[in-house]
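In structure tokens below, several structures.
The following pair of complexes shares a single chain, subunit A, combined with subunit B in the former and subunit C in the latter.
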Partner chain A sequence: MITNPTGRITQGQFSFLPDLTDDEITAQIEYGLRKGYAWSVEYTDDPHPRNTYWDMFGMPMFDLRDAAGVMQELRECRKTFQGHYIRMVAFDSTRGIESITMSFIVNRPPTEPGFGLERQEAEGRTLRYTVKSYATDRPENERYS
Partner chain B sequence: MSATDIHAEATKITDAKQRYKAGVLKYRQMGYWQPDYVPRDTDVLCLFRITPQEGVDPVEAAAAVAGESSTATWTVVWTDRLTACDSYRAKAYRVEPVPGTAGQYFAWVAYDLILFEEGSIANMTASLIGNVFSFKPLKAARLEDIRIPVAYVKTFKGPPTGLIVERERLDKFGRPLLGATTKPKLGLSGRNYGRVVYEGLKGGLDFMKDDENINSQPFMHWRDRFLYVMDAVNKASAATGEVKGSYLNVTAATMEDMYERAEFAKELGSVIVMIDLVIGYTAIQSMSNWARKNDMILHLHRAGHGTYTRQKNHGVSFRVIAKWMRLAGVDHIHAGTAVGKLEGDPLTVQGYYNVCRESYNPVDLPRGIFFEQDWADLKKVMPVASGGIHAGQMHQLIDLFGDDVVLQFGGGTIGHPAGIQAGAVANRVALEAMVKARNEGRDIRQEGPEILKRAAQFCTPLKQALDTWGEITFNYAPTDTSDFATTPSVA
Partner chain C sequence: MSTPRYSIPGSAPSVPPRDPEGPGAAIAQAPDAMERARSVAAVLAESQVEQVLADLDRDLVGLAPVKQRIRDIAALLVIDKLRMNLGLQAETPSMHMSFTGNPGTGKTTVALRMAEILHRLGYVRKGHLVAVTRDDLVGQYIGHTAPKTKEVLKKAMGGVLFIDEAYYLYRPENERDYGQEAIEILLQVMENQRDDLVVILAGYKDRMETFFRSNPGLSSRIAHHLDFPDYSVDELQQIAERMLAQRHYRFGAGAREIFHQYLERRIQQPHFANARSVRNALDRARLRQASRLFAERDRELGRDDLTTLLPADLLASRVFAEGSAGEATP
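Showing the complex of A and B:
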């Protein structure tokens, strides 16, 4: 059980707000499309803060300029990976940016066990830290069931 | 005197025998005033605001600025003739009265690229803001803006990380980053200090920060601070699933001390270290190299800048400092809040932000940008807004500065009536609610207070923050604003 004030993992743009409804997600997608971003859907059952590469649910939708189409992809992903973390990611290919410009979580497992902190005593008073997910000891796809 | 009168005169002595006769000549006669000069793409261009002494002709004053910031001395020297001296001379090429300010003039000066050592802020500044600022015929002088040619920009490595890669490393996109300076700034022991850091980060901030004057005083040795802070950072990271950081200030008396502290910060796994502007340009460039070698984000606190940036008649504009710091290579720079407790006219402050974050700055006189600046793909600096800001101003801050900024609410987090975590929650909820509303197309400048009020209905800490600080503003007339005519002829 995560004990931070939200009781859940707080990655992404909107983790401190009540879960976004599909209409609210659509509004964010439309904002990104107006800005010329390409949307992707990504999922994982290993939300470690430094797990950069969540799995891609299909390719980034560079040519899809319609929020309804993007939402359809999200629905498919939710159907396939109900108990996973899913995030919407917007990409801006403008020269000098060429990076992610929006990212927010739109699906979570029913319970979020979170992470423990392992400390290894090193020289002097130095400590080496490892953030470890309570869920990842179990194999992929069996972590949040 | 009108601008046209000023432009009419050209008095350079072209006869070499006359020009190099021993004695004292006017600067304009020595060739430092060239109204017909067309600046080259490879020239460094400077705009000075000068206040000549009574009776000193503005053109002669401008020529003197060009002279004293390049090759001139007070008298003619024959040894000039051993050099291609025409190219070493800076050229004042334009002088205009400052709109609405009697006795002050804008002077444009061009410098050939050969005058500057590649990749050295110290060398550039030794010329441009060296002796010239003490020159007696001027009552005051200010370097208002600078254009660094692409050819010179490319000799600097710039920010070690840059704001794009910083976001990728932190895995935080599409919203301003949130920070707070640990308070009280002086007196906490390492153990107590780490407590504040832990509470702030667990509550929802991305960064905590050492203050500029936290180094290694009797109440807290630097190693002690680093050890406790990193425990707090890692614990908060585990508690939230987010990458967290705390700017460990490595400012110290010598480079050796700074390297030692930075190495220890790296050993402990910190993502970021911090330096103060007062360490000097050379030390900043050295720390930038270190940061680049060690995958470290480099935060710069602009401690000391107010002594020479704030008064309009004398010193160096902060926009010039910001340009030098982007070249020197820092990842964060304090660039003002406009709405907080520290000096800053909103448009002028936006000008600083644009210098830090844009690939190309067009001329933008209301924001104090007098020259085009092509940054030649140099990385971007993340500006930091810090000092007397609170959650109740979230709509104004996001409206003024957009997403690429670190908003630092020190008092506004730690002073929260329900504690530090509650303060952090209030700020993070206000931030996310405002970004979401803006993206949904709401007019946050108008509807901001209403959006905050709505968010406070599901977030008690935000309600408490708004009740405590909602009405606090710092409305004083800024001292540093842009002077420009509404129909400017400025190019």
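Showing the complex of A and C:
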């Protein structure tokens, strides 16, 4: 289900939980660092579930030892993109794995208007269904202000 | 979207104020023995810092004033810990330092130990050392410096940032030098993120003094200035013996005295770099020993042959060549 009862988009880890506090985010980042993952910060204001590739806020952070550096990057991203979705992404560079191992939302717009169902009439009596976020009716960077 | 008839945590539009005893608080700090310590002995036992101090004393020759200062700093941190446990002190003291001294006097080596001490006493969370110079912090064009400096700072967080030859950050002859930008970012982090990292600035004494005079903001944020004295010939000799022992070499008959003479001559010459020159001299002696043994193709080489440096291996140095004033090279 794309629309869910919380009215919030749910993707990645922890998205059915209350928003994580900064201490909880720090603890998750520490966990990832201990596993040797490289963290990065990504943001978007297009909440469509198929929008897989969000924009990167800076480079992935390799060779960090402590969560403080990652949290600083997150704070800067929050300052720059206040009303956007922001997520933390952990990358495991181990040869043969080389993929994302953790991902969770750490910032949301104040209100999330949700998605509308669109019907397209195709050949014969076929109907095609898709969803569209009410937020994306407006141009980028003006969607949640 | 219809309003749900059941509620899921976090779904309420008006978020209630966060419970201070909530899960975040629990994660932040589990009470540990260190927090409950009430005596110096308890902190020492809990932190295991004495082991590092003892290693420092044992592994490094000389450097008496530096070792004393480090003990003082450790004492200060222990007492501060006790004060904090009793609620007498909330703020952590500033631990940024400057290490001044000639090349090869052990600044980098001591900085590594310092990081370990600060870590054991809970002053930094991870205790690693990130050693950088101007090139790692300062960019080549406008807008390049800030991300570069921040990148390094992020890597150093939780540990110690060691900036070697820090005075190169400041180039007064070029007023548009990007070094100034790096200094400003550093200043900000040194002031506002004391809990996150400790900065150690290192370099030659006189140039560091000029640097601090032109950057009073930096100098006033540095709590401890440690000066590394040059080593005496006897100390250099001891350092040499240790380096050899570590690599399973030793001085053969008469070689010790020759090396002493070598040091006496070498310290008069330009480009003398204390312990590093000793290391280099020994490396060259090993090279000559290897060539000497290599020449005797058919001889069976025993343990003694392979571990012993003979006077001849040392005497071939240019330092012993008459009238020589240049840098000693093989």
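The definition used in the following text is that the second predicted complex is superposed on the first by the 135 of 145 C-alpha atoms of A that agree within 3 Å, B and C clash if a C-alpha of one lies under 4 Å from a C-alpha of the other, contacts with A are read in each partner's own complex, and residues count from 1 in each chain.
Operating definition for what follows: a contact is a pair of C-beta atoms (placed from the backbone, for glycine too) under 8 Å apart; a residue touches a chain by one contact, two chains touch by 3 or more.
Note that the structure is predicted; figures quoted are calculated from it, not measured.
Contacts of A:125 after superposition on the shared chain: subunit B is touched, whereas subunit C is not.
Subunit A is touched at more residues by one of its partners, and among subunit B and subunit C that partner is B. In the superposition on chain A, A:139 contacts neither subunit B nor subunit C.
Judged by the touch definition given at the top, the superposed model places A:24 against both subunit B and subunit C.
Contacts of A:95 after superposition on the shared chain: subunit B is touched, whereas subunit C is not. In the superposition on chain A, contact is made by A:11 with subunit B only, not with subunit C.
Touch criterion met: A:114 reaches subunit B and subunit C at once.
When the two complexes are laid over each other on chain A, subunit A has residues 3, 5-6, 16-18, 20, 24, 27, 114-115 in contact with both subunit B and subunit C. Those residues of subunit C whose C-beta lies close enough to touch subunit A in the complex are 1, 4, 6, 8-11, 13, 15, 18, 22-25, 27-28, 125-126, 128, 147, 150-151, 153-155, 157-159, 193, 195-197. Looking at the complex, you find that subunit B touches subunit A at residues 164, 167-168, 171, 173-175, 202-204, 223, 227, 230-231, 234-235, 237-243, 267-269, 359, 377, 380, 421-422, 424-425, 428-429, 432-433, 435-436, 439-441, 455, 458-459, 461.
Listed in rising order, the residues of subunit A touching subunit C in the complex are 3, 5-8, 16-24, 26-27, 58-59, 61, 63-70, 72-73, 111, 114-115. Residues of subunit A that touch subunit B in their complex: 2-6, 9-11, 13-18, 20, 24, 27-28, 31, 47-50, 52, 90, 95-104, 114-117, 125-129, 131-132.
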